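These are the structures in question, set out in turn.
In what comes next, chain A is part of two complexes: it sits with chain B in the first one and with chain C in the second one.
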Partner chain A sequence: MLAYAIQRIIVSILIIILAVTALFVMIQFVPGDPANVMLGPRATPELKEALRERLHLNDAFIVQVYYFFSGLMQGDLGVDLTSNRPVLGILIEQAPFTASLVASTLLVTLLGIPIGTYAAVHRDGFFDKASGVVSVSLIAVPPIVIGLYLILFFSVSLQLLPAIGAGEGFWEILLHLVLPTLAIGLTWIGYVSRLVRASMIEVLGQNHVKTARAFGIPNQRILRAYVLRVALPATITVLGVSIGFILSSAVIVEIVFSRPGIGKLMYDAVISRNYPVVMGTVLASTVFIVTATTISDLLNVMLDPRTKDEN
Partner chain B sequence: MKINNILNFTTRSILSVGIAMCLAVSVPTYAAELKIQVQSDFGQLDPAFWASQSDRNVIHAIYPKLIEFKSSKNWEWQLSSAESIEQIDELTIKFTLKPGLMWTNGYGEVSAEDVEYSFERFLNEDLAAPNAGDWSPLKDVEVLDKYSGLIHLKEPFAPIWWSTLPYTGGAILSKKAMEEMGGKFTTDPKVTAGPYKIESWEQGQRTVLVAHDGWNGEAPAFDRLELIPINDPKLAEVAFKAGQVDITQVAISSVPGMQASLSDDELLEVRPSADYFWLGLNAENTNLKDARVREAIKKAIDVEAIIEGAYFGIPERSTGLVAPGLIGHSEEAQPPRDVAGAKALLADAGITSLNLELELQNSTDEQTAALIIQSNLAEIGVNLQLNVHESGTFWSLGDEKGVNMQMTLKTFTSPPDPAWSTQWFLEGQAGIWNWEWFKNAEYEKLHYAALSETDFGKRAEMYEQMQKLMDESHSFVWLIHPPLARVYKSSINPGLMPNGDYKLQDFATAN
Partner chain C sequence: MTEHTPLIEINDLAIKFGSHTAVNNVTMDISRGRIMGLVGESGSGKSTLANAIIGLLPYAAQISHGSIHFDGRNLLSFTAQDWGKIRGKDLAYVSQDPMSALNPTLRIGKQMLDIQHFSEQSTTEKLANALAALEQVRMPQAQARLSMYPHELSGGQKQRVCIAMAIMARPKLLITDEATTALDATLEVEIVQLLKELQKDIGCSMLFVTHHLTVVEELCDDVTVMHQGDIKECGTVSEVFSNPSDKYTSNLLTCDPSRIEEKCRRLPIMFNLGLKELADPETDRKRINNKSRPLLSIRHLDVTFRKPRSLIDILTGKPKQRVEAVKTASLDIAPGETVALIGESGSGKSTLARAAFRLVPSEKGEIYFDGTDLLSITNADMRSFRNEMSLMMQDPIGSLNPRMPVGTSVIEPLIVSEKASGLNLRDEAIHLLELVGLSADFVDRYPHEMSGGQARRVGVARALALRPKMIIADEPTAGLDVSIQGEIFNLLAELRESMSLSILIITHNLHVVRHLADRMVIMYHGEIVETGTTENVIRAPKHAYTKVLLEANLQAKYGV
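Coming up: the complex of A and B.
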């Protein structure tokens, strides 16, 4: 298990290096001059050229990659072209907003497990059919649309929940998380419930479950010990992968709800060609996603050692 | 033992949550607070480096200035931190500060030495300030005593009363604090002395300004302002309707609907900005080199239809580069659409059909305007291809396409002096910001002469003449000065500059 974990971590680091290098390549093809962004239209061409030199924008691609990674090794991700503040400091400020949104969305997503379980156990019943229709409908609607309707209903019409921002103080922060979390999470509740239902139905028909029933083991215990344990690994894998999707949805949702966070920071940075911030936010997202996927893989191996060979 | 540990842990957790909640509710309360939507966070609070409207909003509120613009619909200035100011001769301005204006954080009283430091630092080549042009004709500031001084200019400089002293370039910084910071800062000025001071800034979430008790002018009506960055005007409207902001910018497309559905406690105000939106034709491009072709295009475009279709009939058609209310604004209306005249000109130029490209940004209003232009030009046999770009790509087209660029839809922002607008169309700007490659010797001469002309009437005539020269080049189809619409609670009287910029210290409660 330890060897597998080490191997998995090494692969993760390689993925992060590859992703960052790929981003550097992509940035080379994006039109737009960061010197214009930082200095504005009134700056002289000499000033702009001096800035390009300082940011190594005139250097060859490989030299820029070298400067980035050597800076990274020293915890230096460069400075925000607009405010001149260290990118690392900005990321540390913004990360909690996105992390709390992703965490609350994952928590909400877990609701899909009891819904899927109940639907599988009461297959073809009213709840199964109703949850099926609702789940598929939710999967089909993008978070941006759900978000806008949630705002219009809960914030504008009912004036119950805040539409924008992240709030300050414990309860305010919780209240500000409700709508963005639902905007992303509703889709995933539907998806996870469908997945759990399908896995459960498959496992419920397997011989070891039939045998357990024949021995008169209570139904609740069969579900917990013999069905869910086998059905869950697939769900955990999906939850691990879902973090990537949740994070990308967070970009949209942070814009729609005007929430601070890594996603909004990334969007603003791309629009303004603020490359050090773009690099920093992509690096942070990549590390986050790769870490989540690695943890879900390791959890899977713990729950079902057979998956180690498959991985 | 285990149970004890668990109990201890639980007790600690409850206490921690309790303390956190108490802290959360023990935020100080203020007599009068206001939540104001802004387009973005500020990025630069150094007056020599500001770049955006959000930077300007905060700079105007936290630094003292000798003079300031009034909150009104006309560009007029009034004394602010100066007790008196007068132009002694063309090259000298004498000022005297009001005594008793204090810097924050115990940095003492604002003095003439601070004024000297603040203005002269623009000339420091090591600072490499992009806004150095604000003070380019400055020779030096001579300190007479603690409160008085003389501003010496190398040459007469008319914009000093419009876009320098009452604007961002006129902001006064603390010499002592700046020297402690090495002469430079970005977002944390440490020490300020304006009507407001920064209490906190949470990037992407809010900037909180509170009234500065060392301010010796009229105290602001609101003790605390929360500036909330919401980039999308449509989303900002939702935030206003949800009661989360007291005033916000609204999209022009929302104005008709909003006017019809305003409740009793809401007001809507639309003001033309000093910015200008126009269709540019590149005179250096092979297909547009013939002035008859450019004139034909100009005649064929239905500007009124663009205003109606893309801007819901709200703004007036612009008469030139200079917005209403600014010196040099031309009252002369642009000629109406003339399709027959356009066809005749193309025939005269020997053109039966022509393929052209129009570069524009991906906003809804620009795309609507472009579609109308495309349809207008089809009527005279010009096939127009629309190239839509996001903003970052669009603004780099000058470097990429050069003279190959044909037609462009653009909006430029303008400080309250026409010199900052006319400078972009000098020959030296060709291909940089002058994408029309407009070159005219008389225009160049007038631009520099107008900078030094201190007679208001003569200066206005010069700018009117410069706009005539632009029109005669047939490289510019002036469309509108994009209006700025704001909706706000009727309980407040917003402090707004003539161009719709916030003047935060002038926000008041409505009578």
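Coming up: the complex of A and C.
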């Protein structure tokens, strides 16, 4: 297990390096001179040249990659071109807003597991059918639409929940999280519950469950250790991948709800060609997504040892 | 509830799936301390009956009337709580397929703890029970197995775990549903011996569900014969087997290839006992063309598999692990000859057959087909040779596309090899189906609309589509009932006479081999350890493994 974990982590680091390098290449091909954009049309050629020098824009591509990674090793991600503050500092300041949104969305998404389990056990019952209809309807609606209607209903009409910003103090922060979380999470609850239901039904029909029943093992224990445990790996893999989608939904949701966060930061940086900040935010989200898939893979191995031996 | 009342009393029981009756007014007893064999063909309702006794009927099944009494208590009135008190305690169950019977995500020890849920003992004591049970079923390295996962055990070991779990309960009734069907012949004998000893030790009753008559004769005291939901006959094994009173039972016994001592050219089948025809050495000699060069000639073939290395293995410079699947194998098949390749699972027999098609790369050696060295030609040239040798798959239904009508599946080889132009494909499909004894209307059927025997015939028809010179049949009779075994056997025997086909049979069913094969090739751990004419090998086996194999299969009465 430990050897597998180390191996998996090494692979993850390689993936991050590759992804960041690929991003570097893509930014090279964006039209326009960053120096021009940053300093405006009236800057003198000397000023522009100085900025290019500072950003290593005149060096060969490989050298630029090297500067970026060596900076990264020392915790230096460059400086924000508009505010002149270190990018790392900005990221550290903004990350908690997004992280809390993603975390609360994941927590809400986990609700899909009991819903799916109950639907599978009481297959074709009222709950199963109702949750099926609701789930599919929710999957079909994009987060931005759900977000707008949530604001209209809970903030504008009922005036129950705040619509804008992230709030301060524990309870305020929590209240401010409710609507953005639901905007992203409702879709995922539906999706996960369908997925858990389908794999539960498959496992319920398997031979080892019959064996367990034939030995009179209590029903709760069968459901937990003989059905859910076998059915969950598929769901966990999807959840691992879903982090990427949740994060990209977070960009939109942060704009809709005017929340601070990595998403909003990324959006603003792209619009203003603030390259160091773009690189920083993308790096942060890459690390985040790769970490999430790594964790889901390791969880799968813990739940189902066959996964490890197949690799 | 005296000692003399039966343990299980089934009275006038009927079970339906929708409008289909699976078990029809069955009345049957299982006596205390005796082993009852329940035999019948697939679809006869024997598994449904066994499931009813342990209360695990599928969702769609409905008990329309009747009763099942266990130790005097009516099982049909049991609530979930009642079942919880007797399952795994008074009743134990060993399921059909050992491969899937255990939870893949829990260690063996954990699962053996789980089934002791009703016990007040400490975990240490429970683990000691589990260890003792594993030792009782003669599991090698029992202690280490407790911390292993099911996928780390072989099929036979998994079945031992299942049996250990069943006997740990020291049940009053042990139900086994085709518990030995998926196992190799040699393993089957071991497991049957084991069950016999354990039953004697515990003194429990046992219900042994199977379609394998020889095993019943070996193991059981009593036998019940089922056919299409009805009980045809019931009695002690010696009575029923020596003097069956029911026509169906006697036909079943007559058709069992293992009970036909002389070598047959055609086997009797359930609907036509008169079909039986003894083999004639003269026709056999005429069929085999020994004078020209062999059709397939394999010389000193090595097949090696390399296991992929993990990242850590690569970093630490560990060499790739090699598995020698086939070691210097040599084999000739003459035109028209039937050769049986025999060995336990993992012995390399399937790999050798696949290597002959170049479906797996060979390390060393030569393969000549009709004089051409297959290992020296290009992949494009290989395609035309593949048309001359056909593979018959082991799982007939699984190897057919479920969304494709049978007729299309049958002519698919023609389309793939671009030989379809100019042919009326529908007529061709009908012709092929008629060749294997299926009527023209099968063209439009789908795989799920066929029985196992019919699917097997379609497999033969598809193998014949390209008019091959040779067929490789992977376990052509595995999982088939006795009567259908005979049909497929006769079909192959007819085809090889009319089309002068060479046949390579891969199997561990020695009874079919005994009747069908001209020569036997025995593989053990990747090596060919013995070859010879079927008669010679059976009469005077040389290699120790061959002796064990023959003993396991053919028993004393065939002069082994």
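Please note the rule applied: the second predicted complex is superposed on the first by the 293 of 311 C-alpha atoms of A that agree within 3 Å, B and C clash if a C-alpha of one lies under 4 Å from a C-alpha of the other, contacts with A are read in each partner's own complex, and residues count from 1 in each chain.
We take it that contacts are C-beta pairs under 8 Å (C-beta built on N, C-alpha and C of every residue); 3 or more make two chains touch, one makes a residue touch a chain.
In this text the structure is predicted, and so the values were computed from the model without any measurement.
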On chain A, which partner touches more residues: chain B or chain C? B
Mind working out whether A:Tyr226 is in touch with chain B, chain C, both or neither, as first, second, both or neither? second
Quick one: is A:Leu299 in contact with chain B, with chain C, with both, or with neither? Answer first, second, both or neither. neither
Touched partner set for A:Asn207, first chain B, second chain C, both or neither: second
For A:Ser272, decide between first (touching chain B), second (touching chain C), both and neither. first
What residues of chain A sit close enough to touch chain C in their complex? 3, 6-7, 10-11, 206-208, 210-219, 221, 225-226, 229-230, 303-306, 309, 311
Partner chain A, residues of chain C touching it in the complex: 54, 56, 80, 83-89, 91-93, 95-97, 100-106, 114-115, 117-118, 149, 151-152, 162, 165, 169, 310-312
Contacts from chain B onto chain A in the complex sit at residues 17, 20-21, 23-25, 27, 40, 43-44, 51, 128, 130-131, 133, 186-187, 202-206, 228-232, 235, 238-239, 241-244, 390-393, 395-397, 399-400, 424, 432-433
In the complex, go through chain A and note every residue touching chain B. 30-33, 36-37, 39-45, 47, 50, 80, 82-85, 90, 93-94, 97, 151-152, 155-156, 159, 162-166, 168-172, 255-256, 258-261, 264-265, 268, 270-273
